[in-house]
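To start, I am sharing the structure in question, which I have written as C-alpha cells.
The letters A, B, C, D, E, F, G and H name the chains in turn, as written, and every chain counts its residues from 1.
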Amino acid sequence: MAAPTVALLMGSKSDMEKVAPAEEIFAEMGVKVIKEVISAHRQPEKLREFVRSAPSEGVEVFIAAAGKAAHLPGVVASMTTLPVIGVPISSRDLGGLDALLSIVQMPRGVPVAAVAIDGAANAALLACAMLALKYEAVASALEEFRRRMSEG
Amino acid sequence: MAAPTVALLMGSKSDMEKVAPAEEIFAEMGVKVIKEVISAHRQPEKLREFVRSAPSEGVEVFIAAAGKAAHLPGVVASMTTLPVIGVPISSRDLGGLDALLSIVQMPRGVPVAAVAIDGAANAALLACAMLALKYEAVASALEEFRRRMSEG
Amino acid sequence: MAAPTVALLMGSKSDMEKVAPAEEIFAEMGVKVIKEVISAHRQPEKLREFVRSAPSEGVEVFIAAAGKAAHLPGVVASMTTLPVIGVPISSRDLGGLDALLSIVQMPRGVPVAAVAIDGAANAALLACAMLALKYEAVASALEEFRRRMSEG
Amino acid sequence: MAAPTVALLMGSKSDMEKVAPAEEIFAEMGVKVIKEVISAHRQPEKLREFVRSAPSEGVEVFIAAAGKAAHLPGVVASMTTLPVIGVPISSRDLGGLDALLSIVQMPRGVPVAAVAIDGAANAALLACAMLALKYEAVASALEEFRRRMSEG
Amino acid sequence: MAAPTVALLMGSKSDMEKVAPAEEIFAEMGVKVIKEVISAHRQPEKLREFVRSAPSEGVEVFIAAAGKAAHLPGVVASMTTLPVIGVPISSRDLGGLDALLSIVQMPRGVPVAAVAIDGAANAALLACAMLALKYEAVASALEEFRRRMSEG
Amino acid sequence: MAAPTVALLMGSKSDMEKVAPAEEIFAEMGVKVIKEVISAHRQPEKLREFVRSAPSEGVEVFIAAAGKAAHLPGVVASMTTLPVIGVPISSRDLGGLDALLSIVQMPRGVPVAAVAIDGAANAALLACAMLALKYEAVASALEEFRRRMSEG
Amino acid sequence: MAAPTVALLMGSKSDMEKVAPAEEIFAEMGVKVIKEVISAHRQPEKLREFVRSAPSEGVEVFIAAAGKAAHLPGVVASMTTLPVIGVPISSRDLGGLDALLSIVQMPRGVPVAAVAIDGAANAALLACAMLALKYEAVASALEEFRRRMSEG
Amino acid sequence: MAAPTVALLMGSKSDMEKVAPAEEIFAEMGVKVIKEVISAHRQPEKLREFVRSAPSEGVEVFIAAAGKAAHLPGVVASMTTLPVIGVPISSRDLGGLDALLSIVQMPRGVPVAAVAIDGAANAALLACAMLALKYEAVASALEEFRRRMSEG
C-alpha cells in the first residue's frame, strides 16, 4: 500500500509561513504532502489540472489555505468528491472573518470542512483523522499524538 | 452594430426573484439579456463552457448574483477579462454579509465589481454605465433614466 | 464488512428539523446513522459515555449540530480521535455567528470540521467523503450524487 | 472557618499574563487562589478530575479564562453547580469576539458569568462579590476597594 | 434566617416577557424576587434610591435586563458592591449584540456578570449559584435541578 | 454675556490624548472648556455632583468620551437636559465598536449625539455648531473654519 | 422672535413611518418642522438647493434619516455649518449597521450627530436640546418632558 | 482617438500610498490618469466642479478611494452617469468595514462598483475592463496582463 498522501494548496506565496505547521504535523504522522501555490482566480486552469491529476498522485485529501475572498477551497471542492479542508488565512483589515465566511458558507451539495482562522495545524490533524479511517499507521500516530498532548 | 448584450447569471433558482429588477432595467435600456442559473460549485464545467462561449453570443458584461459563500462572480471573473459585476444575495442567517465579503474581497489581479446586497437593479445600471462608454443609445437611455429619477 | 456508520448528535430537540437533511443524504448513500439528542452542558456524563462507546457500535465519523455557545462538537472532539463535523445552528438573535465561531475556532490539537450555518446536508456529504476513502460503495454513491447534481 | 478559595483556570500557558491582574486582586482581598493551566479540549480528563476534586480543596467559585472557541468555562460549568466566571481572552484575528460569544451564549440550564474581554481583574472582583455574601472579611475588603476607587 | 432575596430589574415594561423565565426559576428554588421596571436613563434618581434601599429589603444579588445601550446593569453595579448579573435583551436591528457589548465590556473595577442574550433563566440560575454559597436550601435545590436536567 | 462654555469629560486618564484635538478646536473657536476625568462606574457620586453643578459654571454642552462599555455619555444625559455629545474611544480588542454601540443606541427619551470613533475634534465642532445657535462669535468662527477647510 | 424651526429630511418615502415619532415630539415641544423627502444620490441638486435656502426659512437644525449607505446626513453637513443630526434607518439585511457606520464615521471637520438606529424620537429630542440653548420655551418644554418621563 | 482617461480621486492625502498600485496598473495599460485629492465633505463645491468638468478632460471612468464614512464614491456617482468605482480604505478601528458598507450599500438608482478594502489595483483593472469595451489597446493589454499572471 502506498503512503497516505494529501495535497496542500495555498492561494498565495505569502501564505507559506501560515501553512508550515501543517507540514510539521504530516511529517510526524508519516503522511506525504504535495504542496503547491495556485491561485483559484489568477490560475484557474492550472488549478483545474492539478485537482484532476491529484488522485493519480495518490492524493486522498485536499487542504486549501486562502485569505480574503478565499474561494480556493470551494473551487477545489467543486472539482472533486475527495474531502476538502479549508484554512481561512487572517489579514489585517477584517482579521480573517471574510475568509472564514467565504470558506465555510458553501452551498448545499459541495461541502468544505472549515477549520479555525490560521488553523493549518488543525487542518493537518483533521486530514489525518480522515486518513486514519483507512490507514492504521495514521490512526496509531494520531492516538499517540493525542495521548502526549493530554499530558500537557 | 449588434444590440448590447449582458449575461445575467445566478447561482440558484431561488435567486430568480432577486434578479428580476435587473431585467426590468435592461428592458428599459434596450440591452439584451442572456439569463442562466448555473452553480459555480455544483456545475463548474457548465459554468466554464458558458463563460467561454459568451463572447461569441455578444456578451460584453457579466452580472452574477449569489448568496452565502457566493463564489460565482469571482469564478466567472477568473475565466474572462470582461467586466464582472457581483450581486450579494441576502439570507436569513447572516443577512448577506457573508456573500458581500466573498464577492468584494477578491485578490489582486482579478476584480469583481460589487453592488449592494440584493442590489440587482444597481448591477444592471452599472452594466449600462459600462456599455454606455461604447453604445450611445445606452448612454442616452441612462441619462434619461437619471433625469427622470432626479425629478423624484 | 459492516455498514459504514456515523453518529449524528444534536444539542437540543429543537435542532431535529435542522438535521433532517443529513439523514436523507445518509439514507441515499447507504450509511447507517445513530442519532441522539445530548446536551454537552446539561448531560456531560451521558455524552462522555456515548462518545466512548460509539466505536464499538461501528461509528467512524461524528456529526454534532448545536446553536449559540455550541460547544457540543468541540467537546466530542476532545474525547475521540475520529473525525468530528460541526454544524452551527442559526438562532434569531445573532443568526448563528456565535455558533459558527464557537465551532470553528478550535484550539491547536483538537480540530472540528465546520460546515455552513444550518448546513446539515453538507455535513452528511462531508462525512460520506471521509467514509468514501474506505468504503467503495460510498465513493460510488457520492460520485453519482455529484454527477446528477451537475446536471442541474 | 477556612480561607475563601477560588480556582483560577486558563486554557493555555499563554493566558498567564492576562490572568495576572486577577491574582493581584485576590491577594489584596485575602482570597486563596488555586491556579491551573488545563485545556478543555486537549486534557478533558484532567479537567474533569480537577473540577470534581476542587470542592474538597475548598473551592467555592471558578474563574476560567480562554481564547478563540473558549469552551473552558462552559465545560467547567457543565461539571459543577458552583458559580463559574468566564474571561474571554483576545486574539489578533477576531479581537476576542469569538471567545466572548462562546463564553456568554450558554444554553438554558448551565450559566457562565461572562466578564469583559481580557477582564481578569473584574472576574476576580466578581468572584469576591460572590464570596462576600458569605465571608464578611471579603465584603469589607471589597467595600474598602470600591471606596478608594471612588476617590480616583 | 430570612428567605434569600434577589432584585430583578428591567429597563422597560416590554422586557417583562423576556424576564419571566427567571421568575419561574426563582419560584422553583425558593428565592424571593423583588421585581421592578426602572429605566437607568429616564429614571436615574428612582434607580439610585432603589439600589440604595435594596439591602435593607434583604436583596443580596441584582439581576438587570436591558436592551440596546443597556446601561442598567452597569449603573446598578456602580452603586453597589453586591453581585450584579446583566441580561442583554435582543432587538430586531442588531439582534442584541449592542446590549451584550454594553453589558459585558465593563471597565476595570466595576464588574457585571453577563449571561446570554435573552438569557433570563440562566441569570436566575447564576444568582442561585451565588446564593447557594450561603443558603444550603438553595444549594440543594440547584443540585436537584441539575440532576433532573441531566436526565434529559 | 459670559464666554460660551462646554464640559469635556472622559472616563479614564488614558483617554486624555484622544480628546486633545477637541481642546484645540475650542481654543480656536473661543469656547471655554471645563475638563474632568470622571468614571461613570467608579465615581458615580462625583459624576452626579459634577453634572448637577455644571450649569452654574456656565456649561451649556457636555462632551463625554469613553471606551468599551462607554456608559459615561448616557449617564450624563440621564442627569441633564443639556445636549450631550458622546465620543467612542477605540480599544485594541473590538476597535471601538463596543463603545460606539453603547453610546449611540440610547433608549427613547434620553438622546446622546454620537460622533465617530476617536472623533473628539468633530465632537468639538458639533458642540460649536450648537453654541453657534446662540453665540454669534462662535457662528462666525465656525464659518471661517469651514471656509478655510474647503480651500484644502 | 419666530418659532424655532427644524428641517426633517429623509432619503426615501419608505422612511416616513420611521420618522413620524420625531414629528410628534416637535409638535409637543412647539417646534416647527419642514419635512422633505430628498435622496442625496438621486436628487443631489434638489438637496443642495434645499439646504442652501433652509436658513432663510428659519431652519436652525437639520435632521436627516437614511438607510443603507445613508449618505444624506453627511452630504447635508457638507453644505451647512448648522448642526446636523443623522438617524440610521434599519433594513432587513444588515439591521441598520451599515447606515449607522455611514452616518457616524464622518471625517474630521464635518460632524454629524448620530442617534440610535430608527431613533427618530431621540433625534427630535436632541434637536430640542440644541434649540433650548436659545429658546426658553423649548428648554421649559424639554424639562417638563423629562420630568414626566422620570415619573414612569 | 484620444488616450483612454480615468479620474482617480481620494478623500485625503493620507490615502495617496493606498492608491499608488492603481497608478502603476494604469501606466502599464496605457491609460491616462487625472489624480486629485478632494474631500466630499470638506470641499463639496470643489468636488462638484471637478466631476462636472471631468468629461471635457476625456474622463470616462471615475475611481474614488475613501475611508471611514467614505461618501466620496457615492457623491461622485450622484453627479454623473459615468461608471464610478469605489475603493474602501482600511483604518485601525473597524478595519475598513465602515468604508466598505458606506461604499457598497448604495440605494437603487445610483450604483457604485465596490472593490476590496485597499483594493486600488483591482479598481484600476476593473476600470481597464470597462475601457476595454471601447479601446482595443486596453483590451489587448488586459489580456496580456491576465496571461502573464496565469503563469504565476
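Note that a contact is a pair of C-beta atoms (placed from the backbone, for glycine too) under 8 Å apart; a residue touches a chain by one contact, two chains touch by 3 or more.
All of these numbers come straight from a predicted model, not from anything done at the bench.
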Listed by label, which chains are in contact with chain A and with chain E?
C, D
When contact pairs are matched by residue number, over half of those of B-H recur among C-D, A-H or A-C in A-C
Under the over-half criterion for shared residue numbers, do copies chain A and chain C use the same patch or different patches to meet?
same
Separation of the C-alpha centres, chain G versus chain H, in whole Å, is 32
Centre distance in Å when chain B and chain G are each reduced to the mean of their C-alpha atoms:
36
Measuring centre to centre with CA averages, how many angstrom lie between chain C and chain H?
45
Name the residues of chain G that each touch 2 or more other chains.
39, 42, 44, 68-69, 94-95, 97, 104-107, 109-110, 116-117, 149
Once the touch criterion is applied, which pairs of chains come out as touching?
A-B, A-C, A-D, A-H, B-C, B-G, B-H, C-D, C-E, D-E, D-F, E-F, E-G, F-G, F-H, G-H
Listed in rising order, the residues of chain A that touch chain C in the complex are 21, 60-61, 81-83, 85, 100, 104-117, 119, 121-123, 125-126, 129-134, 139, 142-143, 146, 149
Touching residues of chain E toward chain G in the complex: what are they?
37-39, 42-46, 68-69, 92-95
Within the complex, which stretch of chain C touches chain B?
90, 95-97, 116-118, 149-150, 152
Quick one: which bits of chain D touch chain C in the complex? Just the residue numbers, please.
11-12, 39-42, 44, 67-71, 74-75, 77-79, 94, 97-99, 101-107, 109-110
